[in-house]
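Labels run A, B, C, D, E and F following the written order; every chain starts at residue 1.
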Amino acid sequence: MFIQIALISLLAYLGAIGAPWILGTTGGFYTLGRPLVASALVGLILGDVKTALEVGILIQAMYIGIITPGAVMPFDVDYIGYITTALIILSKADPSIAPTLAVPVGLLGVTIWNIIWVINVYFAHRADGYAEKGVGSGIKAMNLGAQIVNFAMRFIPAFLILYFGRGFLQNLLNMIPPIITHYLTVLGGILPALGIGILLNMIIKDKSYFGIFILGFMLVKYLNLPIIAIAVMGVVLAIFWFKFQGGESYNG
Amino acid sequence: MAEYKKLTQKTLFNSWLNWFFFNGSSQSGERMQGIAFCHSMLPVIEELYKDKEEKIKALKRHLVLFNVEPQIGSVINGVTAAFEEQRANGAEIDDDTINTVKVALMGPLSGIGDTLVPGTLIPILLAIAIGITKSAGILGPVFYALVYPIVIGLSSWYLYKFGYSAGLGGIQDIMQGGKIDALTNALNVLGLLVMGALSASYINLSTAIKYTSGEMAIEFQKILDNIFPGLLSILTVVVVWYLLSVKKKSPLWVMGFLFLATFAGVVLKIF
Amino acid sequence: MFIQIALISLLAYLGAIGAPWILGTTGGFYTLGRPLVASALVGLILGDVKTALEVGILIQAMYIGIITPGAVMPFDVDYIGYITTALIILSKADPSIAPTLAVPVGLLGVTIWNIIWVINVYFAHRADGYAEKGVGSGIKAMNLGAQIVNFAMRFIPAFLILYFGRGFLQNLLNMIPPIITHYLTVLGGILPALGIGILLNMIIKDKSYFGIFILGFMLVKYLNLPIIAIAVMGVVLAIFWFKFQGGESYNG
Amino acid sequence: MAEYKKLTQKTLFNSWLNWFFFNGSSQSGERMQGIAFCHSMLPVIEELYKDKEEKIKALKRHLVLFNVEPQIGSVINGVTAAFEEQRANGAEIDDDTINTVKVALMGPLSGIGDTLVPGTLIPILLAIAIGITKSAGILGPVFYALVYPIVIGLSSWYLYKFGYSAGLGGIQDIMQGGKIDALTNALNVLGLLVMGALSASYINLSTAIKYTSGEMAIEFQKILDNIFPGLLSILTVVVVWYLLSVKKKSPLWVMGFLFLATFAGVVLKIF
Amino acid sequence: MFIQIALISLLAYLGAIGAPWILGTTGGFYTLGRPLVASALVGLILGDVKTALEVGILIQAMYIGIITPGAVMPFDVDYIGYITTALIILSKADPSIAPTLAVPVGLLGVTIWNIIWVINVYFAHRADGYAEKGVGSGIKAMNLGAQIVNFAMRFIPAFLILYFGRGFLQNLLNMIPPIITHYLTVLGGILPALGIGILLNMIIKDKSYFGIFILGFMLVKYLNLPIIAIAVMGVVLAIFWFKFQGGESYNG
Amino acid sequence: MAEYKKLTQKTLFNSWLNWFFFNGSSQSGERMQGIAFCHSMLPVIEELYKDKEEKIKALKRHLVLFNVEPQIGSVINGVTAAFEEQRANGAEIDDDTINTVKVALMGPLSGIGDTLVPGTLIPILLAIAIGITKSAGILGPVFYALVYPIVIGLSSWYLYKFGYSAGLGGIQDIMQGGKIDALTNALNVLGLLVMGALSASYINLSTAIKYTSGEMAIEFQKILDNIFPGLLSILTVVVVWYLLSVKKKSPLWVMGFLFLATFAGVVLKIF
């Protein structure tokens, strides 16, 4: 069990924001760090792919649209993916508690990330020194060196939680008063609004564009269209939006 | 006159590779992706500037604050490589120009990038992957883990090269004439439509308020559903947006606000 | 029963077109005069809110989009609201006959309105006299004075119908040959087209805009969207329509 | 030079109140809301014109034919108050100018007003109220009776004041440059969409024509439903519209026509 | 039976592409040549309208959107309509095999058409001769004369297939290995893409317009709208497309 | 000066009749509808050119290659009749001009015509007719066989006359100023929307690929349906379009390709 937990904790590091080793941000945070992928890996390691995917589908759906503009992270999907899934399998808990469990786990990940973000300032200052002396390799070393912090801050907490937490989860959950569970559930339903709101704030310059957002909302609520259908419509709409604004000849 | 120093394809590729792998490695509150950007420029600088003074100036030039959606943002690295090449060949480009261009591109490319990649493409691929997982198990995550990195990896390298050529040709041409605005607006339309759809699916808030008088029980949520399904979800988004854009609160502040407001709501049995 | 009927007749006056006392047209015709509000008040007065609201929902739905441009009224929703509901409750008739009953009641109200509209010319001429002499208060008196006519023409018929009609309704309805009932029902389904047609005539200058009308029609018939969803879409559409026609900068 | 006579806030408010309450009070076929308009101007006239002749001219000026959607139309009263103020202070504004402005504004504001208020806002609020009534009884009408008067009352006063300021600043600026046309078109788009939806819900006409031959019975209505559901309803609207706009028939004539046509249809067992 | 088969074969000629006698292309190919119309006529001739229409609905639906731009014909709906329906009724086969049977029949018709198209060059050259001499009537004769070829090439094969084929159809179908039946069925589902593709190639000059095609596709697949609703929406869209591109004043 | 020779209404009608009935009669790979066009011009030529030489020139002029969607395309016959009339009256119109106009109109009118008539109108009428047939039997085909020829017959004659008047007035006016482009685009939008809908209903392709491992069977088609229903149908259209437009293959080549590809797919158990 020691090895499996170490492996999972290693993956939780490799899929964390900033970890470069598996094709950078693309293969790391945006692939290994997605709960669906994470749960599959945890399932393979712990030998229960079926339960793992059940959990993965649940938590991936909840955090499908998470965005971290300007390094602002509403919850850490990487920690959610690995730790939630592993805890549930290890303590043979019911997959249905995953969304609730995901909330505190996700917030722990956010706290860690914010700490890392401050510590890393140290590397920037040392890099300045190398630049002053013209030592390119020093700058490279500083960029890579920050990963020691990342590894320590990601691997160790994950390992400790899984190693010591797996036995207590059931007890822990029983100890929490129902109002807190309810609170966490409500919070889990509200928090995705933070990421969306941040993005709206970033891209909406002209308030009328909020109308497009509402259209997308209504297409799901009223017509039950799947996201892919809406995306295809969005592409078509965007093409003509560009065409009719871009001043191109209309017959082009 | 001296021979024109042209960056080799290999140098460009190494520069991109440095960026693609290590763009987030040393992110910090002070410089964001500044060290990583300089790291990406190392092969370019080494090839162009043999003079130590010039090299030091170049290194310092690229260690400043930098931040962009890194996958799509590789176009800036390409543009910068082109500028450095021209500068090394004697063009009158000072530190300020290069930094101005970088800063000017950072904003729109972060907006477009965050909207299109984690805001649109990833949710769509994940939605498909979830669908596959439901009918074919582990094939779902495998599908995602193959398609996403390949599509984005190739795009990122393509954009780096595009930025390099555009930089040589003068990126002004591309950015002027309202084209870039029209493009940004059009991509935002796509992103907003998808984010509206995501909000409808994944933000959940309903009120628990009930009014019971004798035999009759009125659930307030039912009335709201009648008026506009998902009204509370969309109001939550509007409140967050309002706090950020009009009240100029920080995202952290808003997160704290949501924690407390939700707690109050739960305690008062509103939610 | 006398008092209740008097009260209802008074409300039928207060909610009639032109009655100023309860916040003018806004609180009168457009609030008290709406069948849903009217039925609730009748229900409270007669002590049968449940039946009243059943009737109210039925007749409000039928006449939900009534417009009276240029004082042209296809049917009088105020009379329909008060008299239909009261008659049905007083004669313990079945709420399902409300839509049929509403047609003649609504047309009676229209006739009364048209008579008032002619009588009121008298006040205009007297007002001219006061103006000639510079007596502002006289003009005010004429404007208010017209309400004597309105009151008489609204209160009295309503009272008579309710007071004498309540006993006969059932018999009356039984006496009417089925073809007339059928005729009234068909007519009730057709008449809303008059109000809509009048409005179209007023606002459509360019025939192509009729296409928007058809879109709205199809969104209900084919996709079953509720009116509110369509209105929200309409607002979004209108905003961009304005934006792209108003010559604003697109990126504003 | 004499001091500029500025209308007090109280006078403006009284003028608006007179209008808001009594706009429909003495409507007639000859003057429509003419007396009511003059009534609304009384406080303004009393304050501005101390000279008897001037006062008489002012009263007569506002007793002429006037008609507008009265709730939204309060903007005209505001504009007129501003014009009177300027006139009383010596500006060269004759009776004709004031009347021309009133007439010019009447048309579009009736169109927009009738479309947006009884044509769009009221049906929407009523649809919501019906929904609430179904699940929560009397709360439905209460909802409507609170929301509608408050929203419209505030808007009406706001528009009066807006008209007053705009009138002082020159309403031409607002009405020129195609802006008012674009606004009217946009609001009409909203109104038409909603009215299309209302027509689909609330106009009902179906044919009773049947063809029975031996074992087989063909209901004509079923065929129509197959072609375009609600075809007869939309045709009825088109016929009404055609009679009004092309044949220039009066609404009363059309109502009579509908009575007779329906009767004929019922007798001939078409409906 | 001889006469009936002759009659059907005659109709198969009259509804063939190019046959002028029944109101030209309009009444011929585009009316008599439509499978729904064809099946009704076959049903009347053979005295089994019910089965005929069953077949007609099936095959008409499959080939509803067939277009022959520049004389390119993906399958011959006229032959499909007459021969498929007649064969099925005459051999008392099950209507459900119609779509499969339609494929080879349709391709036979295409082959015949392509042969005619080459033979007719002969008439063009003879017409040149008449023109040289200024004989207008000769040109008319050549235009009409080509119908001898059309008649021969349409009537005779149809007659032979029906006369000799009716007995064998069932045997024939039994003889065909299932993989071929499956192949024909798949092919029948694919071939409509040819006509559509040819048309797209003809009218799409600007690739962005393909987006409109996809919208139409999704309106059916996701919202299940009938073709007529989509056409009405298309008309509305087209009107405003024209309006906003044509440079008209917007308030016209 | 000689009297102006005006074509009689009867001549125009006969010219149109010749076209309406015989437009497709002698179609061939070499001239397409060339003989038919000349046939349609016969009454015009006989009336205008008494001189034998002129007549021969006219006949030869109209025997050249011609092809158009014939029902809507009658507008060209009308235009040509007008040109011939002007030429016969001495206007300086040579063979080339007439042919240039014919060729210039052929293209757009084939595109619009094929899109709107067999591509849009006919499928819609047939869809309605199928609906009627389902509930009312033979009335369905009767409906189609009445409505279609009447609508199109009248339109065709109307367009002939329109072409004749436009031709006299100078068709340039109509075709210039981007109007014709805007019209073509708008009609194409309609056609494309309907054809998309038709494709969704009538192109059918699904994969038979299955993956069975132990107890679990994964049907690939189900996964595709999850991603985008009808994906294979739309891909087939795209492939056909690509082969025709980019690879410049002939329709016959593509048909052969589809035969073979389908066969391969069936044999390999892909379909």
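The rule is short, and it goes like this: a residue touches a chain if its C-beta (ideal position, glycine included) is under 8 Å from a C-beta of that chain, and two chains touch if they have at least 3 such contacts.
This is a predicted model, so every value here is computed, not measured.
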{"item": "Steps needed, at fewest, to go from subunit C to subunit E via touching chains", "value": "1"}
{"item": "Where subunit E and subunit F overlap in contact partners, by chain label", "value": "A, D"}
{"item": "Candidate from A-F, D-E or C-D with the same interface as E-F, over half of contact pairs in common", "value": "C-D"}
{"item": "Euclidean distance of C-alpha centroids - subunit A vs subunit C, Å", "value": "56"}
{"item": "Between subunit F and subunit C, distance of the C-alpha-averaged centres to the nearest whole Å", "value": "53"}
{"item": "Residue list for subunit D, restricted to those that touch at least two other chains", "value": "128, 134, 137, 178, 181-182, 185, 227"}
{"item": "Interface hub residues of subunit E, defined as touching at least two other chains", "value": "212, 214-215, 218, 222-223, 225-226, 228-229, 232-233, 235, 239, 244-245, 250-251"}
{"item": "Which pairs of chains touch, using the document's own definition", "value": "A-B, A-C, A-E, A-F, B-C, B-D, B-F, C-D, C-E, D-E, D-F, E-F"}
{"item": "Partner subunit F, residues of subunit B touching it in the complex", "value": "128, 131-132, 135-137, 139"}
{"item": "Footprint of subunit C on subunit B - complex, ascending", "value": "178, 181-182, 185, 227-228"}
{"item": "List of subunit B residues in touch with subunit D within their complex", "value": "211, 216, 218-219, 222-223, 226-227"}
{"item": "Contact set on subunit A toward subunit C in their complex", "value": "205-206, 208, 211-212, 214-215, 218, 222-223, 244-245"}
{"item": "Subunit D-touching residues of subunit E, taken from the complex the two chains share", "value": "228-229, 232, 250-251"}
